[in-house]
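Here it is, the structure in full.
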Amino acid sequence: MNISQFNTEASDYATKVDHLFYLESIISGLVVLLVSGLIIVFFALYYRGSRMPRGEVPERKSREIEIGWTVATLFSFLFIFWWAASDQLTALAPPKDALEIHVVAKQWMWRFQHPSGAREIDELHVPAHTDVRLAMTSQDVIHDLYLPALRLKQDILPDRYTYEWFNATKTGIFHFTCAEFCGTDHSIMAGSLVIMTPEDYARWTAAQPEGDDLAHQGKALFLSLGCSGCHTPGSSVHAPDLNGVYGHVVHLSDGSTRTADEAYLRDCMLLPDSTRVAGFPPIMPNFTGAVDEGQIVELVAYIKSLSTDQDAGAQDQSPGGQQ
Amino acid sequence: MTETAGALREPWPDLRLQREGVGLGMWIFLASEVLFFGSLFCGYAVYRTFNVEAFRIAGAHTEIVYGSINTVLLLTSSLTMTIALRAATAELRNLTLYCLAATAALGAAFVLCKGLEYHEDLKQHLFPGLHFPLSPPATQMFWGFYWIMTGIHAVHLTGGIVVVLVVFTLFKRRVIPVQGSTMEGVAIYWHFVDSVWLVLYPLLYLAGRP
Amino acid sequence: MSQNETEDRQRSSALAWRLWKGPGLTWLALVALFAVSLGSAYLPLGAGNLALNLLIAIIMIGLLVIFLMDLKNAKTIIRVVAAAGLFWTIFMFALIFNDYLSRTY
Amino acid sequence: MTDITLPFVPPLDAGGESYLDEGHTILSWLTTTDHKRIAILYALSITVFFFIGGVAIGLVRLELISPTGLFLTSDEYNRLFTIHGIIMVWFFLVPSIPATMGNFILPMMIGAPDVAFPRLNLMSWYLYVGGAAFTIYVLFSGGVDTGWTFYPPFSSDYSHSNVIGAAAGVFIVGFSSIATGVNFLATIHMLRCPGMTWLRLPLFAWSMYVVSMVMVLATPVLGMSLLLISAQRLFGLPIFDPSAGGDPLLFQHLFWFYSHPAVYIMILPAMGVVSEVFTCFARRRLFGYGFMVFALIMIGVVGFMVWGHHMFVAGQSPLANLVFSFLSFIVAVPSAIKVFNWTATLYRGHIGFEAPMIYALGFLGLFTIGGLTGLFLASVPIDIAATDSYFVVAHFHTIMVGGTVSAFMAGIHYWWPKVTGKLYNEFWAQFAAITMFLGFNVTFLPQFVMGWLGMPRRYHYYPDVFQIWHILSSGGAVILGAAYLMPLVYLTWSLFYGEKSPDNPWHATGLEWQTPSPPPKSNFLRPPRIDADPYDYHDFGRAAETGDESRARPQGDAS
C-alpha cells in the first residue's frame, strides 16, 4: 500500500480543504511561535536572580492590551470561520443529474449498486470528471464511508439515507474505509475506490454480468412482489397511481404533506400506516422484512423511472439530499 | 428557640445560614434535576414533532382516571408539605408531624394508584414489544416514553416518601428538632417532584383525548 | 396554668389559620386549573390542545414554585439557580431543534 | 474595594494537631467527613484508576506496533480502548482536580472550615466507589466494546458485551460529580471568610465555581442518555430505534450535551491550577484578573452550546453544522485570551524553575497546541476530513492529557508540602516534568500527522503505510509511562523519608498557605480574614523587587 492512496488530492474540493488546512496551520504556527517566543524571552530576561531591572508595570495599560488581543483573536477566528463556512456552503448542494450510486453498509462490508445495475462489494468504481452522488444507508449499526483522497466522510445510518457527492479529477486506485466504530471487524471494513476515465467507466459497466439496470430490476420485483396488483391505473383496488409521483408533493391522511423522495418511498414500504396518502384505505401491507435495503433501492429506482419517463422536470423538485 | 441546639451542624456558624445553605444546595440539585427531566422532555418533543398522529393514537390509551386522581393527590400533598414546612418554622411540632404523615400518605396513595394503572396497562399489552396492540410503530415510541417518564418519576416520588418517613421518625423521636434545616430541603424536593408530574400529565394523559 | 394552655391553644390556632390561608388558596387555584386542563383536553382544538395544556401546566408550576416553594421570598441567588436550570434546558431544546427542524432528509 | 463581611466565624481548633493525626484506623478514614481526608481518599482511588486505564492503553499501543496485530483479537482490542476511555474520562479526568485539590484546597482558599455539606462530600466519594465497583465488575465480566461514547444502535442492540454494567458505573459516578458540584457551589456562596469578596477569589476557586456549575447542569443529561440506552437494551423500549420513529442521533445530541462540557470539566480546573502556579513562581500578580474570571465564565457557559461539532458528519442538518461551527470558534476566544494572559504574567517577574512551574509550562505549551488544533476541527470541511481519525485522538489527548494531567501534576507538586508536610526531591520532580513533556510530544505529534494522512481511530488492523507513525507513538508512550511512574515513586518516597516542609515553602500568598502544613482539622488556627487582592506578590504598578521576598502575610494579621 502506498500513502498516495490516502493523501492524494483527488478532487478540487480536496485541494480546497487542504488549502484551508494550510492556512490554519500557518496561523497556528505563528501563534505557537509567538507564545513560545515570548515565554523564552521572558525566561531569558526575568529568571529569578537575573540583574535585569524590573521597573513598573503600568496597570492602566493592561485593560487596553486585553481588549486589543481579545478583538484581534475574535476577528482572526471569525476570518477562519468565514473561510471554512464558505467552503462548506459551496460544497453543500449536490449538482443535478449526478450519477447516483447506492451504498448499503452492514457489519462489516460495503455493497454498491450502480444505476446501470452493476453491483460490487468492497470496491467502488467511479468515473472521473463526473458528478457522483452516493446515496447511503445501513442495515444495522452506524457506519461511515470515509474517502480520504476526496477528504470526505459521512455517517451512514440505519433506516435513513445520507449522501455525499464528489467530482474526482484524478484517476487511480485509492483507499476507502469505515470511520465510525461499528463492532468487531470495524478496522477491516475497507475497500478500494477506483477512479477511472468516463470511457473506462462505461466500458467497465458494460462488462458487468448483470445486464438489467436498477429500474428494470425494480420492475421485476414490482411484479413479483405483487405491487402491480394494486398500483396500476386499471386496478380494481383503490391504491395510488405511481406514475409521476416521484418528486411531487403528496397529501397524507394525517393532514401533513411530504415530498415523494427516496426516503418517503422507502417509508411507504416499511411504514405504510404513517405514510398513507389522503383518500386511500389503509390496505398497503407492511414490507418490513420482506424486502432488504438493496431491493428497496431497486424498487425506488423503478418508481423514479416512472416519473422521469413522463415528466422530465419532476426530479428537479426533489429535495432529497439537497440543502 | 428551645431545641435548636442539636440542629446546628459543622461547618455552619448559625442556624439561619445553615437553612439558607441547605435551601441553596437543594435548589442547585433541582437545577440539575431540571436538566435530567429536561432531556427526557426534549426527546419526547422531538419524536412527537415527527409523529403527531401516532402520538395522538397512542395517547388515547392511557388511563386518564388514574392519571387525574394522581394529579389531585400530588397537588394536595404539596399543600400539606408546605404547611409542614411553615409549621416547622413556626415551631408547631404537632402540626408538622401531622402534615408530614399526610404528605407521605398521599404520596403512598399516588404510588398505589400508579401500580393499579401499570397493571391495567400491562393487561392491555401496552408495553413496547412483539405483542404491542397499536399501530403505527411510532405508537411504541410514545409508550416507551410513558414507561420511562412515569417510572423515573415514581422512583423520585418513592425516594421522597422514604425521606419524609425518615424525617418524620427523627422528628417524632426528637432526634433532630423540627425547626432545623432538614425540612427546608425535603419540602423543596417534594414540590419539584410534584412539578414534574404537572408536565407529565398533559404530555401523557391529555395528549390523545379529543 | 389551664388558662395559659387555652391561650396557647388559641394562639396556635390563630397561627395555624395564618399558615393555611396562603397555601390553601394556591391549592384551590391549582385544582381549578387542573380541572380546566382536563376539561379542555376534550375540546376539539387540534394542535391547540397540547399548547393550551402545556400553558396551563406552566402556570400551575409557576404557582407552585412561587407560592408553595416560596420563591417569592427567596434570595436572588436562588432565583438565579432556578432560572439557570430553565435556561440551560432552553439551550438544549433550541440547539437540538435547530438541527431537527432544518433537516431535509 | 468594599468589604462584604459575612457573619461567620469558623470554630477554632484547640490543639492544632494535623488532620492526619485525627485518627489512624482505616475506619476513621472511611467515615471521615473532613474535606481534606476525603480529598486523600479520592486521590488514592483515582490514582488506582489512572494506572488501570494506563495499562489498558499500554496494551493497545503495544498491539499497534504491528499493522496486523501482535497478541490480541479484535474484540479484545475494542474492549481495551473502550475501558481505557471510560476509566480515564469518568474515573480519572473528571474527578481528578476537583475532587482532590478542589476538595482539599478550595475550602482553605476561601477561609472555610469545611465544605458546606461534609456528609454529602463523603457520600460523593462512596458513589464514586460504587461506580468504580461496577466498572471493575465490567472489567472482569468480559468488558464492554462500544467505545466510551456508547452510540446506539450498536450499544443498544448489537454489542455482545456488558453495556449495562458500564452504563450503570458511569451513571452512578455521574451523581458523585453532581454531589461535588452542589457542595462546591454552596460552599463558595455561603462560607467565604470575612473580606473574601467575589473579586478576591483566587482563580482556582473561580475555576472550581465554574466547573461545579458545568457538572451540575451537564451531568444529568449524560445520566438520562445512558438510562435511555439501558432501557432500550434491557426492556426493548424503542427510544433510539429508527423503525419505530426513533433517531440514533438524538442520543448523540444528549450524549455530547454532556460530553463536550465534560471537556471543560476537565480543563477548567487545570486553568485554575496553573494560574496559581504561574503567579507564585513568577512572583507576579495575575495579568488581567478580571478578564481571566470573565473568560472562565464565558468558557463555562458558551461551552454548553458547541456540542454539535462532534456531529458534523453524523447526519445533522447543514444549518446545525454552521451554527455549531460558529459557536465553537467563539468559545475558542476566551481560551486564547487565557493563554496570552498567562504569558503576560511572566513579564517582569522573578521566574523560578521549580517542578510545579515546569509542569505548568508544559500545560501552557500543550494547551496552546491542543486549542489551536481545536480550531481545525471547528472548521466544517477540515473536520469532515479529520474527524474519527487519529487527528482527533491527538487533539483531545493534547488538551486532556497534555493539558489536564500536566496541570494535575503541577498542582500535586505545588500543594504536596501543604497536604503532606513533606518536601519531595526537586531533582527527580524536574526530571519527571521534562520527561513527561517530551514523552507526550513524541506520543501524540505522530498521531496528528497520521490522522491527517487518513488513519482512522479505533482501528485494530491498519494499512501498513502508517506503521512508522504508530511505532513512534508507541515509543513515546513508553517514555510517557515512565514519566508517570516517576512521581508515584519519589512522592511516595517523600512521605516516609522526605524533609519536613515549612508551612509556606513557596512563599505563596493565598489563605491555604497561612496555616500549618499539614493543616489542622479545622483548617485554621486563628479566624482567617482577607484584606488584599489575590496574588499580592508586589504592589500595584510595579513588579516585585526581588524574587525571594515573601509577601505572604502572617495569618489573621487583621483580626
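Should a chain be cited, it is by its letter among A, B, C and D, assigned in written order, with residues numbered from 1 in that chain.
Keep this in mind: a residue touches a chain if its C-beta (ideal position, glycine included) is under 8 Å from a C-beta of that chain, and two chains touch if they have at least 3 such contacts.
Everything quoted here is computed from the prediction, not taken from an experiment.
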By count of C-beta pairs in contact, the leading pair of chains: A-D
Chain nearest the global centroid, as defined over all protein CA atoms shown: D
Geometric centre distance via CA averages, subunit D-subunit A, whole Å: 36
Chain centre separation (subunit C, subunit D; CA means) in Å: 39
Interchain centroid distance [CA atoms averaged], subunit A/subunit B, Å: 45
Junction residues of subunit A, two or more chains touched: 160, 162, 271, 274, 323
In subunit B, residues with contacts to at least two other chains: 20, 24, 28, 31-33, 35, 38-39, 42, 46, 50-52, 54, 136-138
Numbers and ranges of subunit C residues touching at least 2 other chains: 77, 84-85, 88, 92, 96, 100, 104
Complex interface listing, subunit D residues touching subunit B: 7-11, 33, 112-118, 120, 178, 181-183, 185-186, 189-191, 216-221, 223-225, 227-228, 231, 235-239, 243-247, 250, 254, 257
Subunit A residues touching subunit D - in the complex, by the definition given at the top: 1-3, 5-7, 16-17, 20-21, 24, 27-28, 31-32, 35-36, 38-39, 42-43, 46-49, 54-59, 62, 65-66, 69-70, 73-74, 77-78, 80-81, 83-85, 87-89, 91-92, 107, 140-142, 144, 146, 148, 151-155, 157-160, 162, 175, 177-188, 270-271, 274, 288, 323
Residue ranges of subunit C touching subunit B (in the complex, touch as defined): 12, 15-16, 19-20, 23-24, 26-27, 30-31, 34, 37-38, 41-45, 47, 49-50, 53-54, 56-57, 60-61, 64-65, 68-69, 74-75, 77-78, 81-82, 84-86, 88-89, 92-93, 96-97, 100-101
Interface residues, subunit B side, partner subunit A - complex: 51-54, 135-138
Sites on subunit A touched by subunit B in the complex: 254, 256, 271, 273-274
